[in-house]
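Next come two complexes built around chain A: one with chain B, the other with chain C.
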Partner chain A sequence: MTAQEISKAFVQHYYTTMASNREGLMGLYGDESVLTLETSECRGRNQIMEKILALTYQKIQHDITSIDHQMISSDSVLVVVTGRLKTDDDPPNSFTQTFVLRQGSGGIFIANEVFRVILHNN
Partner chain B sequence: MSNGTDQLNNTEYDYLIKFLALGDSGVGKTSFLFQYTDGSFESKFVTTVGIDFREKRVSYKPSGVDSSRAQRVHLQLWDTAGQERFRSLTTAFFRDAMGFFLFFDLANEQSFLNIRNWLDQLKQHSYCETPDIILCGNKCDLDDMRVVSEERARECAETYGLPYLETSAATGHNVNKAVSMLLDLVMKRMEEVVDKTLLPAQYGGGGKTELQGANETEESKSSGCAC
Partner chain C sequence: MSKPEDKLKIICLGDSAVGKSKMVERFLMDGYKPQQLSTYALTLFDYETKINGKMVPIEFWDTAGQERFASMHPSYYHQAQACILVFDATRKITYKNLTNWYRELRKYRPNIPCLLVANKIDADLGVTQRSFQFGKKHSLPQYFVSAADGTNIVKLFRDTIKAAYAYKQNPTDYVDQVLAELGNFESGKLDENDEAIFKLTSKEDQAEEF
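On to the complex of A and B.
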């Protein structure tokens, strides 16, 4: 698979799972995974899943605007996603999410992930 | 529709007051604002900052002043539009608001415990260290699900020096009261500020002139003496 194919397939899988069954994201994280969600940092699968499952919305939809990718090394791909998300009945918010996907022994997993809602101060 | 447009275009008001509703997600901020505006005005959304707000016109009559005309107040009620779910609030929320509703859910212990965090953020980012805040224990209609007693909530409010109201966005209980209480606090503060800025010109300035006059007299006296 090329980096483009990997990132496209991953993005589709990730956001579909996020919307339909958040618990299903567990398989994408390993013990070395690091997630920075806004101001909080979580390390390892357990902490990360705890954080994701504690988010208070019932429903979430993502509308993806762009997916960019780069090979970092032979076993790692950088993926940068921008788009809009809608939680429950809240108005849509823009977001950006960055992933480093790595080939592990059990397949591709998320080594690093950074999430931000895009806001401005003026 | 035309009503909303008229509201927007009508610039005939004395004060534009911005309030911000804060608190954990799910405590009923949006429902509260919806209840207050009777759901009759379309909510507007500022996409860039991510602020959702509703508007309403009210008239404000300062208590204890019978003769004065009621002030026409254009209220903007801001909502954090779900961003608190990710704890991703821009400081613009806090900076531009003149008064705050701090909500917790009477049926949710954690939302009550988080009041402290919200107050810390507020003090750090709002226009001053002691902004006007009304603490609202919402969902008081769900009596059988209540986990925070009124007594405990009042103690907490007292500790932080905040007025406390039990509200229900569902039934409307104390919704208007909370808004008018906050408006009263903010208008009083504005009047005080206006009074202070007027003072130096009326009294302070006069005092200074007098003092200068006294000095001059003394100087001329002493110079007279030296001669």
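On to the complex of A and C.
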């Protein structure tokens, strides 16, 4: 698979799972994974899943605007996603999400992930 | 003509789905369309009212989803003159989370008047007989409202505007005095266990607490 194919397939899988069954994301993280979600940092699969499952919405939908990718090394790809998301009955908000995907012994996993809702400062 | 610096900023805080927007919409006219500022993840409601014979512009700020992922951006609190802190009388978790909202509010706005609101009393009128610990502990005037049928909504917003105006006139003094006159805050009532108040709690809470 090319880096482009990997990113596209990953993004499709990640956001579909996020919308349909958050717990299903567990398989995408490993012990070395790091997630920065707004101001909190979580390390390892357990902490990360705890954070994701504690988010208070019941429903979430993502509308992806762009997917960009770069090879970092032979086993890692950088993926940068922008788009809009909608939680429950809230108005839609813009977001950006950055991933480093790495080839591990059990397949491709998320080594690094950074998420922000895009807000203007003042 | 009112000048921009005359404007009062009133912010709403509380968990998602406690009815913050519904309360503001109920107070304003039916069919009122707020400004949706997605670049700030907030909803703005413009209003104008007469105070002491003078028209005063007012902005009500409501959260619009950013609180799902993290605490509110500091600009949300910036220069606010009053806060309406809301929980859902039928969901205990939203009452528990008041502590976090209040801590966050006081970090940025240590002295502005804060009015505590139990919404959705139409679902269980029994709650209006109770006094909630949280409000007493922090000496917050307390309101029992229903955005669905309109109970106490006008009184809540009038009192909030009055408190915001008083704070703006004199940010350091008189606020406690005004707050003491407002609402139905009664300092004399009992220490009921707040847990008992939430008769309707059940699966929903568990689902939210994870």
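Everything that follows uses one rule, which is that the second predicted complex is superposed on the first by the 122 of 122 C-alpha atoms of A that agree within 3 Å, B and C clash if a C-alpha of one lies under 4 Å from a C-alpha of the other, contacts with A are read in each partner's own complex, and residues count from 1 in each chain.
Everything below uses one rule, namely that a residue touches a chain if its C-beta (ideal position, glycine included) is under 8 Å from a C-beta of that chain, and two chains touch if they have at least 3 such contacts.
Quantities reported herein were computed from a predicted structural model and do not represent experimental measurements.
Of the two partner chains, chain B and chain C are each touched by A:V117. In the superposition on chain A, contact of A:P91 is made with both chain B and chain C.
When the two structures are aligned on the shared chain, A:D31 is found in touch with neither chain B nor chain C. Using the contact criterion defined above for the overlaid structures, shared-chain residue A:L53 touches chain C, although it does not reach chain B. For the contact definition in use here, the residues of chain A common to its chain B contact set and its chain C contact set are 37-40, 55-57, 87-91, 93-94, 115, 117, 119-122. Touching chain A in their complex are the following residues of chain C: 15-17, 36, 38-41, 43, 64-66, 68-71, 73, 75, 78, 207-208, 210. Looking at the complex, you find that chain A touches chain B at residues 37-40, 55-57, 87-91, 93-94, 115-117, 119-122.
Only residues 24-26, 30, 45, 47-50, 52, 81-83, 85-92 of chain B touch chain A when the two sit together in their complex.
Contact residues on chain A toward chain C in their complex (touch as defined above): 37-40, 53-58, 86-94, 115, 117-122.
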